[in-house]
Amino acid sequence: MASSPLAYYPGCSGLGTSMEYDRSTRAVCEALGIPLKDIPDWSCCGSTPAHTVDHALSTALSARNLIQAETIGLSDIATPCPSCLKNLKTAMARWQDPKIGPAAEKLLGKSLQERHRVRSVLQVLYEELGPEALAAKVSRPLAGLKVVPYYGCLMTRPKDLMDFDDEEYPVSMDRLLEAAGAEVLPFPLKVECCGASMGIPLNKAVTRLSGKILELAASLGADAVAVACPLCQMNLDLRQGQVEKANHAIYKLPVFYYTQLLGLALGLPERDLGLSKLNVNPEPALALIRQSRPKPAAETAATTEDAA
Amino acid sequence: MSVLEGKERRIIGFLCNWCSYGGADTAGVGRFSQPTDLRIIRVPCSGRINPLFIIKALLSGADGVLVSGCHPRDCHYAEGNFYARRRLEMCKQLLPAVGIDPLRFEYTWVSASEGQRWQQVVTDFTAQIHQLPPALRFSESPDLELLRQCG
Amino acid sequence: MRIGVFVCHCGSNIAATVDSAAVAAAARDFDEVVFSTDTMYTCSEPGQTGIIEAIKTHALDGVVVAACSPRMHEPTFRRAVERAGVNRYMVEMANIREHVSWIGKDKEANTNKATELVRMAVEKLRLNRPLFPKTFKATRRVLVIGGGVAGIQTALDCAEAGLEVVMVERESTIGGKMAKLDKTFPTVDCSSCILGPKMVDVAQHPNITLYASAEVEAVSGFVGNFEVTIRKKVTCVDWEKCTGCGLCTEKCPSKKAYNRFDEGVGPTTAINIPFPQAIPKKAVIDKEFCRYFTTGKCGVCAKICPTGAINYEQQEELAQEKVGAIVAATGYDLFDWRAYGEYGAGRYPDVISSLQYERMLSASGPTGGHIKRPSDGKEPKTVVFIQCVGSRDASIGRPYCSGFCCMYTAKQAILTKDHIPDSQSYVFYMDIRAPGKAYDEFTRRAMEEYGAQYVRGRVALIYPKGDKLVVRGTDTLMSSQVEVEADLVVLAAGAEAARNASGLAEKLHISYDTYGFFVEGHPKLRPVETNTAGVFLAGACQGPKDIPSSVAQGSAAAAKVLGLLSKDVLESDPQIAQVTLQRCIGCGKCIRVCPFQAIRETDFRGQRKAEVIEAVCQGCGLCNATCPQGAIQLSHFTDNQVLAEVEALCRC
Amino acid sequence: MNLTELPRHSILYDATGILKARLLLKISKDLRVFSNTARLRVPRHGDAGRSVICADVAKRHGVSPDYRKGQSGFPARSRYFVLHCNPGGSGMDRVNLASSDRDFIRQVEEESGQTISRCYQCGNCTAGCPMGFAYDLPVHRIMRMIQTGQKEAVLSSKSLWYCATCEACTARCPNQIDVATIMDVCRHMARRENRLGVWSVRVFTRSFLETVKYFGRTHELGTMAGFMLGTGRLLTDTDLVPKILPKKKLALKPHTIKAREEVSGIFKRFRESQKEGNHGK
């Protein structure tokens, strides 16, 4: 496990619509002994809008944060948000591009010094800690909770850039949630697009695409969806009402950040996990979890094995 | 006649008959255009190549030497290219000792079916040699002049 | 030496970008060149006659031909000079076509380069000495590796012509992929009906020795005199005693063994005979599933076997065979489509490969010829076929077209309608490649008579929804996204080189391409030969091929073998290593590096010396480059000759 | 004149038809736009010149009587207005292959680092595209039109703006073409040429980046406000307000970073570089 702290990049939505993701991520990392240190005075990575306007602009906006991390002497960076992750990783790659790199450097007025390593918090938890070590720390297994893992379109692609898990059928979140005692259902649409930032300019995109995801999840008999992306969560959770209306359906599927679920399994107080911030009422799902009894460590390990 | 002044460099290729010479033929059959600098000497196997050939060529005024054989494990003579690999690598390491820029010598593996790869190899190596200053011609070599005076 | 130089125009192939006449003129100034000319087609009848006449007129004793690659026409010109009474090894070629005229358009640079290549050839020729081939006796037997339809054809053709044939097959039965097929395109005739009799012929032919469940372990020697070691794998059944009665397979309690012959569609027993028409019809125990081996107690088959053929303690055996020629007919394997994550990577039971589907269609297959979904055994009504899975896809390292998938998919679509009249097939394709006799008409029939809906586009995603599979693709001709809810998806998996083909190629000293397919001697003119004398190719081991092409190649390879072995003696290539005894210090380095054990130690007046075994030396020259004394020299590629070439290039 | 009596093949529109319709709606409140599908529909490129497809926004609107009457070919005082098309490179108009814009092809290749000729039109990009339903040109057709140098058609396509950059096309391309980057690059080119594209997407992008420019970080509420004001879609997502407000997630005040100027400087220099670039061209 990382003994020196990771430079933490919360991403803008962590201050707003996905504050529960940020909060639960910090709580879980603390409980698991993964020290995080915020990148000082971090700024927006530019997200999708920036790279659709210009690659040098997007690179400059993202690279600023890598340079900010350098100021505290850290080059191992973790972020919960896949969109930020992709932008930071792309910025590193494009910085080497003979055309974009110098243009970005001109815009930024600063230079990128180190070879950074940027990972998602999911990747850090999966690779540095691993499901087995997690299982050993679980005090309240999520037994009885049927959950579908939804990774979103950016977490694993493109393969060469993201360099993590299977591009079409990732399993890292599955394994972590299984280690937390949940029943993880095989979900074929793990990396399908939810409509992304089209929710505002073209609402139909979200009602259509998120609709497919929620519909399949419901038809599989899931109690909840676990996600790792703020935008996915917003589309599936906050906009679930819009989706239901457009598709004449009722799903009532709570959409948790996977970190919230891990936090529950680790026995962290619900307050620290921001469960009250969710839009679709999570209570029915939480009730299922509360029914389960705390288990001794040995038994927890056995559960994991079965699940694996 | 001579190497076209200013246009070409003197590049000598040693190619094994079974793979790389065939690969160069395949490139020709496919009309994959290449720089004209390279002159190819055919040998049965890359294992036939004595590093002395390479050094002799470079000392005699060749601007570059390119050796190409079958891919390792795919040698027509079972293991000739394994020996070649060892010798050629050693040769590359030794070149600075005789005052030759090691960039003037490369070895690679191209199979008889890899016409496009051969085109790439030739194009890249020729460009690499054009980056370097022209080698001293045989007659211009100061060492030789020195030798002649001594002799 | 009196040298003549002949510079070819090759029509416009050379003359378009090389001034052949100028090259010929420049060559007149080269040392010892007494005659030089340019000709339109040097390899043609008048061209060769021109060489012969020039030799006689100008008393030439060496010839340089500047034309195409020596890999193409060196033998032609060697025969030509021999007809004029000059030793055939007194010819050198300058490759001014493949290496000059075809790869550059700058005529000045090309002409200059061609002239230098001629100078190089002249300098080398000046050091050539006449060489005389030795003759040796050839073994009139042939080894056929692989018992698929191509190998079977080669074996039967050779055996009929009187050669002794040794056939080695990796599986426990011959028949290869064709034996697994239900019907064959474009005639829709029954595969086992046309292959079966040929398989029986192999078993019964007095000239054919069959090693099934065996692999080639090692090959040594050379054309005419190969020494082959064959490893007989453990079957735990004494095939001398086994009658193929099948009692053991009926009683075997382990009934969940992986069925290799049926591609995993339906299980088999741990002791099994792959299929009723198997040749040889002998039982084999799969140790991975046999209870005797997994639990230590069982032995039912041993008890029941009426001839006592079961032998759990059986050991591997090695057999030796001497042959004069080898035919590789090792076929192909199906691409493992699990590389496609978007098609479920094997997670969805109702997404199957084309060969699995073929087994389902087959009346002797695991479903008795009924199409059933693996998940629930139901008959599918909507079947989606996806072509180019593992073909024409650079992203998974398979950029080539497998050739036959378009046709077998059309056949499977037709058979689907035959089996389930109220079914609807959809075929996702990129291009329909049907260039054979009656092939395109066949694919049209699939559409017109059998109502298969062809959709031009790839499929991006398959996912299960309820008990259906949602297939999400494009119809590029409609320019729109399409979706089909299918009951069964059949992936037309492409062909790739047979498992461990490269390993066999290394044993045979033949080349293989990037994908593991064996490389033929010439892509057009030597399709079944290899660059290793005495080793030939047949069928899909050279590249994906359908049945007619494989059979044609099988016969072609047989013809080549028969041609080679029709003589009692063969000539050896005299371009081999020679030892200069005075220089040899007997260090033995050459003996150690020789890959063919062609050099031995000998005693010369009490001194240790190296001696080349002429019949064994292959002429690689490894010893030449190794010898610290320059005592061992490869004829026609001596140190002096290579250095003369280097000097010719550096001097000009 | 009754629109339903119009021959189906008589009305032309261009690829930005919907946008023009909307602009006109802003200008003139009593405007009626006709659609043969009787609902707002994004015109498909292949439809141009063949069928009547515009937006039926609201039957209660009248029509600007003499708007573009001269060009429309319809009687003056028509109650309907007709959007004119730019026939180049669309529909059944015969494309002159020799007029292929080679510079455009080269520019796309240069800026994206991709080889366009690698595309063999299998359609896998389109097959997996989640936003395909909103596109006027499917992705594989964009690729094809780049191959044939149809700059106008590509850069005026709405698809560029509806692309959600999910990269499914890139991930599944059998020829390893980074299709998503090509879409990105075409968008950049369209933007540099001041093409309007899809208004709502542009406004959203602008609103988002404005907040970044001013505060250093996005401000969700600010982005929304900018979008609503920019598009006039004042009711966007108002249904979500009662859901999100009690959660106290939306910060009213933006989170301004200390080094605000550093970020706004990036934007300033970017704008300057764009101006220079445009002048240079």
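The first chain written gets the first letter, and so on, giving A, B, C and D; residue counts start at 1 in each chain.
What we mean here is this: a residue touches a chain if its C-beta (ideal position, glycine included) is under 8 Å from a C-beta of that chain, and two chains touch if they have at least 3 such contacts.
This one's a predicted model, so the numbers in the text were calculated from it and none came from an experiment.
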{"item": "Higher-contact pair (C-beta pairs counted), A-C versus B-C", "value": "B-C"}
{"item": "Between chain C and chain D, centroid-to-centroid distance (C-alpha), Å", "value": "54"}
{"item": "Centre distance in Å when chain B and chain C are each reduced to the mean of their C-alpha atoms", "value": "31"}
{"item": "Whole-Å separation of chain centres (CA-atom averages), chain A against chain D", "value": "30"}
{"item": "Chain A residues counted as touching two or more neighbouring chains", "value": "167-168, 192"}
{"item": "Residue numbers of chain C (touch at least two other chains)", "value": "342, 461"}
{"item": "In chain B, residues with contacts to at least two other chains", "value": "none"}
{"item": "Contacting chain pairs - touch in the sense defined above", "value": "A-C, A-D, B-C, C-D"}
{"item": "Chain D-facing residues of chain C, complex", "value": "342, 388, 392-396, 430, 456-461, 472-476, 479-482"}
{"item": "Touching residues on chain D, where the partner in the complex is chain A", "value": "113, 130-131, 133-134, 162-168, 170-171, 178, 180, 184, 187-188, 191, 198, 200-201, 203-205, 208-209, 212, 216-220, 223-224, 227, 236-237, 239-240, 243-244, 247, 249-251, 255, 257-259, 262-263, 265-267, 269-270, 273-274"}
{"item": "In the complex with chain C, residue positions of chain A that touch it", "value": "166-169, 186, 188-189, 192, 216, 219"}
{"item": "In the complex, chain C residues that touch chain A", "value": "341-342, 344-345, 347, 461, 463-466"}
{"item": "Contact footprint of chain C on chain B as seen in their complex", "value": "1-4, 7-8, 10, 12, 17-19, 21-22, 24-25, 27-29, 31-36, 39-45, 47-50, 53, 56-57, 60-62, 70, 73-80, 83, 87, 111-114, 119, 138"}
